[in-house]
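Order as written gives the chain letters A, B and C; numbering starts at 1 within each chain.
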Amino acid sequence: MVSRAAAPPAHREWHRYTPGQRLIRFLSYLLVVAVAVWAIGDVDIIWPWFFDAPNAMADLFGRMVPPDFSRMDAIVAALLQTLNIATIATVFAVLLSLPVAYIAAQNTTPNRACLWLGRFILVSSRSVNTLIWALLFVAIFGPGVLAGILAITFRSIGFLGKLIGEAIEEIDRKPVEAIEATGASRGKVILYAIVPQVVPTFFAVSILRWDINLRESTVLGLVGAGGIGLLLQGAIDTFQWQTVAAILLAIIALVLVGEAVSGWLRRKVI
Amino acid sequence: MSAGGTAARRWRKPPLIRNPFLRYGIFLAAAVYVYWALSTLPFDWERIQEGLPRAARIFQGAFPPSFERSNLLIKGFVESVQIAIIATIFGLIISVPVAFMAARNLAPMPVYLLGRAIVIVARSFHPVIVAILFVKAVGFGPLAGILTLTVYSLGFVAKLLAERIEEIDWGQVEAVRATGAGYFTTLLYAVFPQIMPRQIGLGIYQLDSNLRASAVVGIVGAGGIGATLMNAFGRYDYDFALAITMVIIAVILVSEAVSGRIRKKIW
Amino acid sequence: MLTITNLVKRYGSDEPVLRGLNLTVPGRNVVSVIGASGAGKSTLLRCINRLVEPTSGEIELNGVKLTSLRGNELRQARRRIGMIFQGFNLVDRLTVMENVLSGRLGYVSFMRAALRRFPQDDIDRAFQLMERVGIAHYANKRADELSGGERQRVGVVRALMQGPEILLADEPTASLDPKTSEQIMSLLRSLSEELSLPVLINIHNVAEAKTYTDRIVGMRFGRIIFDGPPDSLDDEAMEKIYGGTPAEERSAPLPEGRPSRVAAS
C-alpha cells in the first residue's frame, strides 16, 4: 500500500568499506609508504647514480655489440657441461626426494618424528640458495663439477619434496579406503591407491625443476662449481665484452631450448 | 558357475610405451647418455678425496656459530631488506604497464610482441648474471642489487600478471563499456578489480622472493648480506659464515610464513 | 553368517551414532538397510570391516570375532569381506584389470603386486567374473573412461575377487541413473544366489529395496526399528523410519517478520 505522494527516499549513506575496514586499509597503506620511505632514504646508494643507470647500461651494451663468436667451440663445450650437470643433478634429486616427500606428507608419514625430520630436510634444502650450497661444496670438495652437481641436487630435493608431499596430501582418499578394505598391507595400499594419483604431479614437477636447474647451472661456474659460468666470469674479468655477449646469447639459446623441451615433455607425458 | 571352455588368458599390464623398439630404445639412449655425461664431466678425484676430512674441519670451524660481528651482520641484513623492498616496489610499478603490453586481449600485435620480448629477456638470465652486469655498469653496492632485482621482479610479476589479464572475464568489461565509460574508466572499474588481488598476492610473493635473492646477488658484489657472507667465506671465518647462513634461513622462513598468511587473507 | 551384538559407535563425547545394534544376517540372503540420512547406515557397514572403529559391541563373521583383531589378522579378516562403494572408489588412473586384480592384494606378495604378475588362477577368475558382469572388453581401459554403471560393476568384480564370505554395499546405486541402478541391484541379487553369499546393502531407494532384497532393516537415530520382509513394510512402518527427518526436527522455525541482515562488503 504505497501512497502516491510518497516522501523522497530518506538520505542513506553508502560506503564501500566499513569503518573498521577503512582503518585497516589506511594503516596498511601508511605502513607500506613508511617502509618504502625508510628503505629509499636509508639505503646506501647515491641516487643520482640510479638515474644515470640507463646511460651506464647503454654504454655497457654498446661495448657488447657485435658479439664475438670466435670461441664458439669452447662455449658449446661449456654449454654441454652445464646441461649435463643440470640433468644428472635433477635425476639424483628426483630419486632422493621421493622418500623425503613420503615422510613429510601428513597422511603417509609413519610417525611425528619422521614428519618433523622430513619437514626439516625440505625446509633447509629450500632455504639455502643453490649458489650458497655451491660455495659450501666448493669449500669441501674443491672447485669442479662435483660441487655443482651436489649443490643443484641438494637445492632441488627441497623443491621436489615439498610439491610431491603436497600432492600426496591432496589425494582422493576414497580409493585408499577401498584398497584397505580388501585387506591389502600398507605397502600395497600405497602402491595401488596413492602412487597412481601422484604420478602426474611427479612428472610435472620433475620436468619443471629440470628447466629451473638448467638456469641455475649457468651460474655455478661463478663460484667455481663448473659449467659455463667459469667462461663467463673469465670473459668479464678480462673485459672481453663481445665474447661476453656471445656467451650470453648462448645461454639464452640453452634456456629457450630447455623451455621448448620441457614443454614438449610435459605434453607427451602428462 | 563355471563358464565351461574359457581357455586360460594371459594378461600383462600394458606398458607405458607401446612400441617395444621405442621403449628399449629410450632406455638404451638414457643409459648411454648417463654414461657419456658422467665420463665427460671432469672430476678431480684427488681433490674430492680430501673432501671428507676438509668437511670435518670446516664443520669444526663452523661450530659454534659466531655472532661477534653481529653489527656487520645486521647491517648486511638491513641492506638486503632495503634492496628487496625497493626492488619490489619499482618492479611492481613497472610490471603493470608491461603486463598490459604483454596481454594478448588488450594490446595490439606489435605492442604485444614487444611486451612479450621484454618479459622473456628479463626471465632468461639468472639474477646473478644480471647482477654481475649491473655491477660492471654501475659499480659495487646495493644500487646494482636494486636494479638486478627490479629486472627479476619484472620478469616474474609481469608474466603472471599478463596471464591474469588474459584470463579476465570479458563480460565485466563489456558491461562497463556499455554504460558509456571511457577507456581508462573501464580499466579502473572492470579490469583493475579483477587483477588487483592477483597483483597484491604476486607483490607479496615477490617481496619474499627478492629477500631470498638479495642474499645471493650480494655474492657477486651487489650489496646486502650476500656480500657479508662472501667475505666471511673468503677469510675462512666459517663460524661467522654459519651465523650468517642461519640468519638468512631464519629470515627466509619468517618471510615465507608471513607472506603465506597475508596472501591467504587477501585471497 | 554375520552376527552383530550391541554395537555402539560414538564420536568423541557427542551423541552416539549407533546405539546398541543387534543384527543377524544368515547366508544367501540379500538384506537392505534403509533409513534417513544420519541414521547411521554407513557407519554400521564400516564398523563391520573396521574402516570405522566401533566404540563397543561385538561383530562376528562365520565364527571369527572381528572387533578385537589387529594388524595382520585384521587384514586377513578384511579379505573375507567385500565392499562396494557409492562413489565406486576405483583408482582412476589404473586400468580396469588392475582395479579388478587389486581385490587380490590381500593375497599376493608385494613384489607380485608391484610387477603386476598375478597368478594365472587370479587372472582366469578375473576374466571369468568380468565376462559374467559384461565388462571383459574393457580390461585395458583406464577406469575413469567408463560410465558410472560400468565402474560400479568393476567395483563389484573387485569385491568378488577377494573370494569374500559376505558382501557389503554402501549405497551402491546412489550415483547411478534409475535403469543402471536396477541393473546393479539385479546383479547383486543374482550373485548372491549364484555364490551363496550374504549381501548387506545400504540403500535409500525403498522401491528397489522392496523389489530386489529378501529382508529390510530400517534404522533411525542409530537404532534398528524395523526388521522384516518387504511385504510387511507398510506406510506406518515407513512413517516411523522416515517421518519428520532429523534435520527438520533440529532446526527451530525462524521468527516471523525479521528481515535478515546483509552486511555491506
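The working rule: contacts are C-beta pairs under 8 Å (C-beta built on N, C-alpha and C of every residue); 3 or more make two chains touch, one makes a residue touch a chain.
None of the values given here were measured: they were computed from a predicted structure.
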Chain located farthest away, centre of chain B as origin (C-alpha): C
Chains linked by the largest number of contacting C-beta pairs: A-B
Identity of the most central chain, Cα criterion: A
Distance between chain centroids, defined by C-alpha means - chain A, chain C (Å): 46
Centroid spacing, where centroids are CA-atom means, of chain B and chain C in whole angstrom: 49
Distance between chain centroids, defined by C-alpha means - chain A, chain B (Å): 5
Residues of chain C engaged with two or more neighbouring chains: 98
In chain A, residues with contacts to at least two other chains: none
Interface residues, chain A side, partner chain C - complex: 14-16, 18, 174-175, 177-185, 187-189, 191-193, 196-197, 199-200
Contact set on chain C toward chain A in their complex: 49, 51, 75-83, 85, 87, 89-94, 98, 102-106, 110, 113-114, 155, 158-159, 162, 263-264
Contact set on chain C toward chain B in their complex: 95, 97-98, 116-118, 120, 123-124, 126-128, 131-132, 139-140, 194-195
Complex contacts: residues of chain B adjacent to chain A: 33-34, 37-38, 40-44, 47-48, 50-51, 54-55, 58, 78-79, 81-83, 85-86, 89, 121, 124-126, 128-129, 132-134, 136-139, 141-143, 146-147, 212-213, 215-216, 219-220, 223, 229-230, 233, 245, 248-249, 252-253
Chain B residues within the chain C interface of the complex: 1, 3, 6, 8-14
